[in-house]
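Each of the next two complexes has chain A plus one other chain: chain B in the first, chain C in the second.
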Partner chain A sequence: MIWQQLANGIAVGSVYALISLGLTMVYGILRILHVAHAGIYTLGAYVGLVAFRLVDHFWLSLVAGMVGAAVAGYLVERLLYMPILHMPRIAPLIVSIGLFTAMEEAFRIAAGPHTLVYNAKVGLGELTIGGFRLTETQVLILLVTFLILLFLWLFLTRTKMGLAMRACALDTETASTFGVNVNAVIAVNFIIGSFMAGAAGVLIGVYDNQVWPTMGSIPAYKALAIVVLGGLGNIPGTVLASLIVGLAETFFIGVLSVPFPRDAIAFIAMILVLMFRPYGLLGKA
Partner chain B sequence: MGKHACWSLCLLAGVLMVFSNVGPTAAQETLKIGFFAPITGPAAADGMSAKNAVELAVQEVNAGGGIKGKKVELIVYDDRLKAEEAVAIANKLIEKDKVVGVVSGSYSGPTRVVAPILQKAGMPMVAGYAVHPDVTWNPNTKTPNDFIFRNGFLGEIEGAAAAEFAVKDLKAKRMAIIAMDNDFGRSISAGFADRAEKLGATILTKQMYKFPGEKDFRPYLTTIKEGNPDVIFAAGYYNEAASIVRQAKELGIKSQILGEEGFDSPKFLEIAGEAAEGVIIATNLDRDDPRPVVQNFLKNYRAAYGHDADMVGASSYDAFMILADAIKKAGTDPKAIQKALLETKDYDGLTGKISRFVQGEVVKPVQIQIVKEGKFRRKAIIDNPEIITPPKKS
Partner chain C sequence: MSGYLVTILITISIYAMLAHSLNIITGHAGQISLGHAAFFGIGAYAAGLLYTKAGLPFWLDVPLAAVMAGIVGAILGIPCLRVRDDFLAITTMGIGFVVEAVFLYIPFFGGAMGIGGINLPSWFGREMTKGEYFILILAVLALLLLLDYRLGRSWIGLAWASIREDEQAASAMSVHVVRFKVLAFVLGSALAGLAGGFYAHFLTFIMPQNFGFGQSILILCMVVFGGIGTRWGPLVGAALLGILPEISRPIMEYRTLLYGLLLVGMMRFQPSGLLGEDSLVVKSFIKGLSRLRQGS
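The block that comes next holds the complex of A and B.
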């Protein structure tokens, strides 16, 4: 049973990682709390679902959801954040919260208040070893998350753009004096972050078999807690924090049967870690 | 004062006169009945179902000449499943709309907020399917809300009926419970656990999940699977119910899943898909009841809205018809309506034959339905008086 709960926890943690990474990357470069990222995640789920209903093919719909979210993320950056970047950072935060609320309402108006089903045949099959069983959707989540993280790691460590992104995260001004095109880096940053959020939206849509207008409201604040827990702007820290939160939630409610709302656990973990490590798990002063 | 101001005042007075004339004449023509349901928000499917069904009932009453020659006008409010909305709705119904009576097509949360306000104003209400005891009872003053009547079952009664069926018909001995942590989940699972233990069954584990918000039930179900129970009693609304049923199947759980009226929605069947097959529920509507009131409703609802009716709609329809029937008998005086409701006897309702109301609580059999080929079908009827008679409140 412990193994089964481990699988449950890692699956949830993987999705948290996909959502939180975009948030931490945006913060790393722009120092903006991009709350509307959770709206991009929901948008990814809806785009994926619409694509699935049109072409009836899961993998194509996953790609559609990711691309749709990436385009939306890019537009948000160009049209909303860019013009106000010279203002204090509270301004983009307000814009972001407003946009998130507007997006939730837009989904409700466009797709209705009801839960829609994302009943896709993934075609992967489940993995059973003795009493331990990785369900088909858990196999899917682990596989997709692994591939995306691998891609992200290769991109950040093996490409010029990745190097530029890491340089900007350290110090944007110095990076730009060395000839880094900061605007392009910011755009790529949003595109990759949103791409991952879109994947998370589709994966959760299939994992829960449900897509609904306010599906981003809990991730909106939970991802913030995870990002702080991991060390703001720290990519490996965010992945680690996501897995810890996913596992902690699963074990608290499933094994210890603590009568405790699961969504509070990310915050408790955050508070505990900040008491001893003020810059997060892997963050540096 | 200038000439313009004088003219404006005259105009304003004229406008006011026109409006004040329209008001009373319109009110004399129709008989207003208030209605509220969660038409948007997390329970939107149930809210719409209740609204659709009650509007169908209004059409039927009006087609038959209305009540005492007056057409019924339904005043509809959306409570969005929020208690704070419900307060405003109750006050509007009393003060602004001046309705004759109210029908609740909503859950316990909003309904138990509206109930004491209507009780204080002396306005009768019939609740369609809210399950919480405090709809008909004021826990602060420890007195009954005697203007409030309920067509649905108390959570405890429905839970007990499910346990009766599990032990006596399914011969289950080992039970696990997974219930939502709100009024509904707590009362219905408590009723189940009490009755099951009284009949000698064991409750292996009771898992409570957060509502709203929980979507991933795998941690709970993994723990439940460990005990390998005969029956898993699941208490929740259709979204949660569907996720539980699907995820249980994914995890390879073979135990019989037994649900309650929260499952009774086309949305449950849609979201759960094939995993719904064989799920048994305790509810308040028997689709295979041959009485014309049932079959006509099912047929008319389908014709009007293009999908099948559910328990929520049927119970709300009944609630409206029970209130309309009382107004037909007693007129529009609230005290007289209350008396007529108290005197209800062997009423031929859509959701079963109502023998009477006891302290506002309905007395009628609980329906056990099973999902077969994507539809709810009759499985059994629990009419043991020990179970369906509501407990005396004090």
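The block that comes next holds the complex of A and C.
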């Protein structure tokens, strides 16, 4: 029972990590709270579903969802965020909230308000180790998250672009005086972040076997809490906070049956941590 | 006046009060809040409970609701003072979610069913008409604006402005940053609570959903639309966004889509609001005025 909850918690936490990482990367360089990131996540799920219906192949639909999300993320960055970067911080925040609202409505109008089934055959099979059983979709989530995190780590530490990205996260102006193409870094940053959000959308679509217009509503705000909990802009902190929130939710609700809304836990954890560490778990002043 | 019109006017004037209260925190003191509806809700619930359970009359429960929202604002303001900028935005958002969850999950607050039976106030031995209630709210709003005008010209207003522009510089000039931030939070929360009290007695029935995150964003949008930090901007924003759902009834299906796009377009092309700095409205008004003068 406990082991099963642990598996559930880690699977949920992994998806949170995929969503939150894009958010924290965007914040790290642009200092924007990108609420519409959850709209990109929903878009990824819809693109994946449409692709799945067309080609009837799960892995291709996963790639389609990720690419679709990445393109959308790039367009949002170029058309909406870049022109207002010099404005007070509240302007991009409100643009982002407005865009997210509009995206959810557009999904509802285009695809209907009801949930759509995403019944894909993944072809991985269950995994049983002793009393510890992972369902097929949990194996899928853990595998994909692991591969993406590995890719992200290699990219950030082993490539020139990754180095430039870390430099920009520390200080954009200084980085640009050293010849870093900041515009390219921002674009790549958005593309990778949206790529991961698209993957998360497809994974949740398959995990819950449904895709619906407002599936991004709760992740939109919960991911913000996770990102702040881990320390805004801090990548390892975000992964840690995602797993903590995923585990805390499954344990409080599943094991202790605390009569409290599941979705408030992330915010309570965040407020408690901020009282003692105003810059989050791994954040620095 | 027809009942429909009065209802819209009352809604708009309550929103105006609410937008004005957020303008104190966000506009004057420069502290972003994404959970302002929580204090609106605390005021509404306090007034509702005091009226239905403790049997206090309207004239007592609404001021008490404001006091209570102010006290909660002071308590919840403490974690907010430890954080800044974007951390503050998300912390206040979190407070909003937690307060809504408390209303929804604790039976004392009536759960999802909310609280009913909160009547319009009575005076001279009879219940107020909606028209009279509207005039009462307008009078209170006018008083608040007068207070805002006086505050803006006092040292409190100056201290807020200095914190808004540069917190470190203000602190170096021996402005007590924490004290003035708390003051802004308490005053803003109390006025939101006051608006909540009026709202509860107007709706006669309140539910947790009235005070969720969407409502917080709506209030913030009113302030930003009209012009953040200006005196009349929040009122203009409240009027515009209050009328919008009524005039867009024929395109019901696309209403929320339109609202989202409006937010994006507004911030993209007119980020300081309709009455803010280099606003198209103000500019064209001044241009039109000078053309009139030349013509005469």
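One rule holds in what follows: the second predicted complex is superposed on the first by the 284 of 285 C-alpha atoms of A that agree within 3 Å, B and C clash if a C-alpha of one lies under 4 Å from a C-alpha of the other, contacts with A are read in each partner's own complex, and residues count from 1 in each chain.
Operating definition for what follows: a residue touches a chain if its C-beta (ideal position, glycine included) is under 8 Å from a C-beta of that chain, and two chains touch if they have at least 3 such contacts.
It should be emphasised that the depicted structure is a prediction, and the values quoted were computed from it without experimental measurement.
Engineer: Mind working out whether A:Ile271 is in touch with chain B, chain C, both or neither, as first, second, both or neither?
Structural biologist: In the superposition, A:Ile271 touches chain C alone.
Engineer: Between chain B and chain C, whom does A:Pro261 touch in the aligned arrangement: first, second, both, or neither?
Structural biologist: Both: A:Pro261 reaches chain B and chain C.
Engineer: Which partner chains sit in contact with A:Leu49 here, chain B, chain C, both or neither? Use first/second/both/neither.
Structural biologist: neither
Engineer: Applying the document's definition of touch, where does A:Leu21 land relative to chain B and chain C: first, second, both, or neither?
Structural biologist: neither
Engineer: On the A-aligned overlay, A:Arg133 touches which partner chain: chain B = first, chain C = second, or both, or neither?
Structural biologist: First partner only, chain B.
Engineer: Between chain B and chain C, whom does A:Leu232 touch in the aligned arrangement: first, second, both, or neither?
Structural biologist: second
Engineer: Taking the superposition on A as described, I'd like to know which of chain B and chain C A:Leu281 touches: first, second, both or neither.
Structural biologist: A:Leu281 contacts neither chain B nor chain C.
Engineer: According to the stated criteria, A:Val12 is in contact with first (chain B), second (chain C), both, or neither; which is it?
Structural biologist: first
Engineer: Quick one: name whichever of chain B and chain C touches more residues of chain A.
Structural biologist: C
Engineer: Would you please give the residues of chain A that touch chain B in one complex and also touch chain C in the other complex?
Structural biologist: 259, 261, 263
Engineer: Okay, in this complex, where on chain C does chain A touch?
Structural biologist: Checking each residue of chain C against chain A gives 26, 32, 79, 82-83, 85-87, 89-91, 93-95, 97-98, 101, 104-105, 213, 217, 220-221, 224, 228, 253-254, 256-257, 259-264, 266-268, 271.
Engineer: Can you check the complex and tell me which residues of chain B touch chain A?
Structural biologist: My answer: residues 40-41, 44-45, 181, 205, 207-210, 213-216, 218-220, 222-223, 225-226, 239, 242-243, 246, 250-252, 267, 270-271, 273.
Engineer: Looking at the complex, which residues from chain A come into contact with chain C?
Structural biologist: 27, 31, 33, 80, 83-84, 87-95, 97-106, 109, 221, 224-225, 227-228, 232, 259-261, 263-264, 267-268, 270-271, 274-275, 278-280
Engineer: Spell out the residues on chain A that touch chain B in their complex, using ranges where they run on.
Structural biologist: Listed in rising order, the residues of chain A that touch chain B are 1, 4-5, 8-9, 12, 108, 112-115, 117, 119, 126, 128, 133, 135-137, 204, 207-210, 218, 249-251, 253-255, 257, 259, 261-263.
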